[in-house]
Structures are given as C-alpha cells and as structure tokens.
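Two complexes come next, and they have one chain in common, subunit A, joined by subunit B in the first and subunit C in the second.
Presenting the complex of A and B:
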C-alpha cells in the first residue's frame, strides 16, 4: 500500500519537475529560450514569443524540421527534447 | 397629503444626491431647501427612499432593461412617472454583479428628471420593443448628456408585457401634454439601438470570465451581430484583467474620456485582429497529424478577389492536393513548404543543417516531382524539380556496395534510380506568372540543394551532376493583374500533376514541354473560380472539423469538391 503510494508520488513528482528548454530561432538567427512543461500547449510559447516581438501571432509561423507546429500541440506530442530548436518564420504574402 | 410629503422628501433626497454629482440645478436646490432634505444621503437613505416608493405605490415604478439618455448608456433603469409634477424620472439601477465587484458611491447612480414639456414626441416600435423620447433641443438634459447632438432617450425592453405596460403609461401620462405618440420608422431602429451595442461591452466589464471561452462559444454559431458583441466583450475583459486595472468611478471616467477615445481605436484594432484570428480549420483534420496548418479568418479573407495569397493558403492547398491523389501517385511527388525556399535562399552553415532535416524522411530522389514554391519580394512563383534521381550517375570506377552496412532506404533509392534514370530525364520546370523572379539564382539554389541532399544521402561511389538538370521555362498562361500570382502558382502545380501523370519524358524536355503546357491551358476565369474553389473546400473542411467527420475522398466527392476527377485515373 505504502509502496504503491510512494511510487505514484515520485512518478508525479518527476513529471512535474520535468521542464524542458525550447529554443525559438528567428530568421535572423536570434534565439529566444522558453522553459516549458511537456504538456504545455505550444500556443503559450507562440503568444509569449509574439508578444516579445510585438507582432500578432498569426503573422508568425513556427516550424519544426520544416513542418508546421499547430497551436494545440504540446512538446510531448511533438517529441521535443531539452534544447530542441524551433524555427520561426514570418508570414509570406505574394500577389504581383 | 401624506403621499405628497413622502414624494417631496424622496425628491429632496434625489436632488441632494444630484448635487454631489453636479451643481447645475440651482433651481432645484431652492426647492430642496424648502423641504429640508436629510443632512446627508447615505446608501441607507437611498435604499429607504426606494423602498418607500415601492411600498406606497405612489409612482408607477417600471423596470426598463436598457436605457440610453442622449449619448450615454445607462443600462437598466427605473422609469418613473411623476404625474403631479409633470416629470419623468429615470434612475439607474445598480447591477448586482457590479455591486459585488466594486462598492459604488451614491453619486455613481445617475438620475435624471425629464419634464413632460421637454418631450417633443414619443416614438414606439413594437417589434424591437423600443420607446424613443425625442426631446426638444433646448432641454437641460441634452446639454448635460448629449455630447454628440443626440437629444433623445431610448428605452429598450426585453419583455413584451413590460413594454406594452410602459407604452400605455406613456399614452395616459402624455395625453395632456403636447407630445405625440408616433411610430418609429424601421430604419431608425438600428440607429437608436447602436448605443446599446456599445453598452453591451460595458455590461461585461465585471464578468471576469475567460475570454477564450467566449470566443469558442462564438465559434459554434454563425457569424452575426451578437457574436460581434461577444468578441467585443472578450476584448474588454481581456483588457481589464491586466494588473493595472482599478475600479473607476463615473467622475474619473469623465476625466478619462480622452484616453477612452484612444482606447476605443485600440480596441477596434484589437477587435479586428481577434476576428481575424478566429480559427476556421486546422488541416489535416486529424488531431494527431503532423504539420497541421491553422487557417484563420484572416487567411480565408485572402481568397477574396484582389487579395494576395499567403503561405498558409499555399501550404494548405499543397497538403490538400497531396491527400487528393491516389496513394501510388502521392508517392511520386513531394510538396515543399513555402518557407523552404526562403530558408534555402539565405543559406549559411546553420541553415544548411536545418535544411537537411526538412526532408529527412522523404526519399526525394525517388520522386518524379518536387514542388518548390518560391516567395520573394511579395511575389510567388513555382519551381518543379522533375526526376531528380536522373541526375545520379555512378562514378567511373566499379561500384562496390556493402549491403550490410547500408541503411535499407538507401538501397531502395539506389535501385530505384538505376531503373528509372534511363527513361526519365531530370529537369527543373519553372513557372513565374509575371516573370520577375531571378531565375538564375533560383536554379543555382535548387541545384545546390540537390547536391547537399545527395551528399548527405548517398554513398561515395555515386555522383550527382546537377548541371545536367535543364532549366525549362515553359510557355504558360501569365498573370494580367497584380494580385493573382499565388493562385497561378497553385494552378500551375495542378496542371503539372494532371498533365504529366507518368512524369516528364526526355522528349518533353527536348521540346520545352510544349505538348503538355501551353499559354491557353487554363483560362483567366479559372483563376477566379479557383479562389472560389479553395474557399468552398475550406468551408467544407471547417464544417467537417466542427462535426468531427473525417475528410475522406467520399465525403469530398459528395460535396463535389474533389480536385482530380476521372481525368487522372490513368
């Protein structure tokens, strides 16, 4: 009984403590670091980053190895590890 | 007699409470002195006076849901008739929620007396449950509250019974006065109620709920006016959550009117932004899918004629296009992200590493077509690398391949190239609807990319001759306006897929693909239709996502939205 409880407690503790650092790199090569929990939605990082840069979130694109990251995904879903890098690109528009 | 005293007393309280707010009613003050008002007006008194009023039923006390006095919004009010004094009283009622949020001072409750003679006309609207009192422009009330020349009091009801009661009250009360009861024209309803729409935001001041919740709720409904209000509400709430928020009194509000003007502009901007940010669809619909693209209302708005397409739309369409293909067909082509080329173009050591990771999982040298959308200087063009495997040649010395040490996919690729390289010739098809991008540079970059990819994938025994890849610019329909190049890009891609079901053959390269691609391969009308088509696809997908239905080929066929019809089943 007590063993079980201990296990559960430590398991949860590890889960909680486990934060990873994600690097967001923009086109000019500037890096911004974000400490996140594995289950935090990427949305949070995006909006924090956009706020720092002073642009609306919709004008930014976040790419992981060339694939888009959706706002409702989490680092866990993306299998992000500590010190992993995300690329940030600006919206591209074209007409003429 | 007794009633009269109570009435006068209550009025005295009311007037003295007014003095806290404004000292303009000198004539009223004189009256008050006669009646000897209570020394101070506390909330207790105020409540008591109201209580007395209800008890004695001296006045017809009627609750009105929304009241606008000139250009001010008073929300819920009591409307009282003082038949004896020929005055109409409108008194603001504290909202229960706001009372919890911030204790209000007596002076915060507004109250106004409108002499019957000040009312020019009473207009009624039975459908909208509106009562509009048109005041004479000389009225004191107008001077006090009518900032932008609005001299009217608007009463709006939610309850029809209350409305009809009040309407009949007006009829009886105003019988003797010069005011006429008239119908309100339908066209004026909007004008009269617009002030309440502003008010709706105020109401939400204190509902400190999660703004995103409201937006989600709004997502489920069709876009109409109430939704706009919700968005407004969300913005206001959002602003008020900020730490510097302090409860403001009405007096402070007046001082801040200038600031408010600025904020209003800001809010309008924010409102626009929020409505733009509303997510229409996340594609692919499956939540576990990789590389989901979030399309917002702002992106969809770009499908209107004359608007520029952005990377979201292009990426979305390529993804959609890919899923519309048969499995066998799908494995012969690869669509790059729009950001691929821009990353490739400003290549440095760091980007090089990055680029390699982009197509890590895709055996690009096995593909017949690699679609590379190019965005530079606000213009889209499309490069298609055809049969890149055809560039790979064995080196002069005999090949010794240690099969055991090689990863399996490389074996597959090298075998593939041996089979196909003979009848397929590598080339780069380039489509630019305005012919304004630097072709040489693009060709150079793509060749370099192929080289890099090759070096990271293949054993040393092989070599790549990127210069053999001919750069072809076929004659295709060109853009006649200055906004459609994104659509042209997509159309070129679709045409290439349609017209080269088996890939580009050597004789195609020899005659510049003239057999397949011509300047008349699609009409100018197709461009507009194509915008419509993407719009339809998006709205269909949005519906499917909302109802959690999978976007299978059948569903899309049912909607008539499949991209490739029988023409493609070769």
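Presenting the complex of A and C:
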C-alpha cells in the first residue's frame, strides 16, 4: 500500500514497480485477474492462465480488440491500463 | 515446443504437423496460411482483411455489447476493408471445438455476402450468424441478410475442409488483387485434391522459407 505511494513519489523508478490488473475473459464470460508489471512479458500471463485453466498454452489464443497478442509483448507495449481486458479464445478445429 | 512467428501469426510444431499428417486443421494453421496469403500474395493491401479464425470466434462469443464490437471493428479497421474473408467454424459454444470449416466473404461495395463451403453448405447457419454480427460491427442497419452460395469445390474426404478454406481464400484474394486477371484457372480447377496434397506436403518448406526471408 505505502509502496504504491512511494513509487508515485519517486518518479523514474516508479514505473518499473507499478503493477496493474489485467482481466482475462474466456469464452464462457468468466474473468480471471492478473496483477502484472508494465514490462512483464505477456507469455508469463499466458502460461499462468493456461496452468490455472488446466489447458495447454498452445490451445489458447489471446486477443486485444481483435488482434493477436504476441508472447513477447508487454502491457506497456500494448498500452494496457489498469483493469483493461483481454480475450482468450480456445482452439477450433475442423476437417470434414 | 517450437514456435514459429510470422508477422503476428503463431504456429507451433504441432500445428504445422497438421498439414503434413493429413489431419484436421486448427485455427492456428488456418491463420498462418491466411497471414501468408495476405503478406506474400496480396502484398499487405490494407483494403483486404483475412480474419484470424480466433478473432471470428471472439467476435461471436465474447463481444457481449456494442462497445466490445466497436472496439474490435476499430482494432481491425473494418470500415476500410473492401473485402473481408472470415473462416467460419461450426463450433457453437465454448464446450466444443468444432468439426467443420467454411469461408464467408463480405464485399463492402455491395454490402453483400458470399459463402464457400466444401461440404454441402454444412456451415451455412453458422455463416448467417457471423454475417449478422459482422453487419453489426460495421454499423450496418438491421436487415435481412442474403448469403449467396457460388459453386464451390467439394471435398471428397473427412479431413480437408480447412485446406479448402485456405486455397479458396488464396484464389479469391489473388483474383481481387489482380482485378480478376489471375489465377486463370476457375476456382474448381485451382482448388483441386492434387493441389491440396501438394500444399500439405510443402508446408514445412514454405514455412521455413517465410521465416528466413
């Protein structure tokens, strides 16, 4: 708590420590929350989410406003703000 | 777990194997192919959109209100697209993975839809639902949507529908980009079982050449 205030006060160093909450919404409408730092690679969220859901990460697709989020992007690069939502779609298949 | 990244399409080793092992294609495999069409065959023109099947699915299942749809429309710059190609899966809810792929095409100039299904229009109902949501995302007034179903090559097995979607999308995109000059073959002749076998086998080399250039 007081940590947060410190970061705001210290300027430059603040941004590195500042965490935001990102909401991951699945196709049933369920939301899962992750606290992340602005420079955390999104793949960390992806694998944590996959683990929590018990699904291989290769079967999940993460999207922001209709575009794919790459594993090596960060919240900062994606301009994600606190409480922003990303979508998670499941693998689809078809043959016949 | 090896992954290839080509523009923003991700392809895991296991996705690539779906091509060579004559398996059902998943959305990652199809998206990779569509991304290749976009960058290599129509040279990234910004008036064409080959929509990622995961995005189609997200649009159908996760955009609960108009605001979500508008965000998506904005993110994809939908209003600037003269032609939008949407792979349609028959998956109806989040519990299933689907079993069939087909291709819905939107033409902005005439605000009309065409639908290509290699299995006797199996996915026509799903395509109707996609068309309704796309109309909404484009801000089109509520209307009865006609979907035209041009002659479409038909698959003769239970595995290739995703390949048909890829190659039909390829034919349509190249035709669009060349003002109908090429390919000279008709759709039926272009998307043949032989071509499908050839492309499936060639995919590892195609992928390798894409990521080294």
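As a working rule, the second predicted complex is superposed on the first by the 83 of 96 C-alpha atoms of A that agree within 3 Å, B and C clash if a C-alpha of one lies under 4 Å from a C-alpha of the other, contacts with A are read in each partner's own complex, and residues count from 1 in each chain.
Keep in mind that, in the parts below, a contact is a pair of C-beta atoms (placed from the backbone, for glycine too) under 8 Å apart; a residue touches a chain by one contact, two chains touch by 3 or more.
Note that the structure is a prediction, hence the values are computed from the model and not measured.
Participant: Superposed on subunit A, are subunit B and subunit C clashing or fitting side by side?
Facilitator: The answer is clash.
Participant: For A:26, using the defined touch cut-off, is the partner it touches subunit B, subunit C, both, or neither? Pick first, second, both or neither.
Facilitator: second
Participant: Just checking: does A:93 make contact with subunit B only, subunit C only, both, or neither of them? Give me first, second, both or neither.
Facilitator: In the superposition, A:93 contacts both subunit B and subunit C.
Participant: Given the touch rule stated above, what does A:70 touch, subunit B (first), subunit C (second), both, or neither?
Facilitator: Both: A:70 reaches subunit B and subunit C.
Participant: Return first, second, both or neither, reflecting whether A:61 touches subunit B, subunit C, both chains, or no partner chain.
Facilitator: In the superposition, A:61 touches subunit B and subunit C alike.
Participant: Following superposition on the C-alpha atoms of chain A, which segment of subunit B from the set 56-64, 110-118, 254-262 or 326-334 overlaps subunit C?
Facilitator: After superposing on chain A, the clashing stretch of subunit B is 326-334.
Participant: Let me check the overlay on chain A: which residues of subunit A are in contact with subunit B and also with subunit C?
Facilitator: 27, 29, 58, 61, 63, 65-68, 70-71, 87, 89, 91-96
Participant: Where on subunit A is subunit B touching in the complex?
Facilitator: 27, 29, 56-58, 61, 63, 65-73, 77, 87, 89, 91-96
Participant: Quick one: which bits of subunit B touch subunit A in the complex? Just the residue numbers, please.
Facilitator: 273, 276-277, 282, 287-288, 290-294, 296, 298, 307-312, 315, 336-340, 342-343, 346, 350, 354, 357-360, 375, 378-380, 434, 482-486
Participant: Give every residue of subunit A touching subunit C within the complex, in rising order.
Facilitator: 25-29, 58, 61, 63-68, 70-71, 87, 89-96
Participant: Can you list the residues on subunit C that touch subunit A in the complex?
Facilitator: So the residues of subunit C touching subunit A come out as 1, 3, 5, 8-10, 12, 14-15, 23-28, 31, 52-55, 57-59, 61-62, 64, 71-76, 89-91, 94, 97-101, 119, 155, 157-162.
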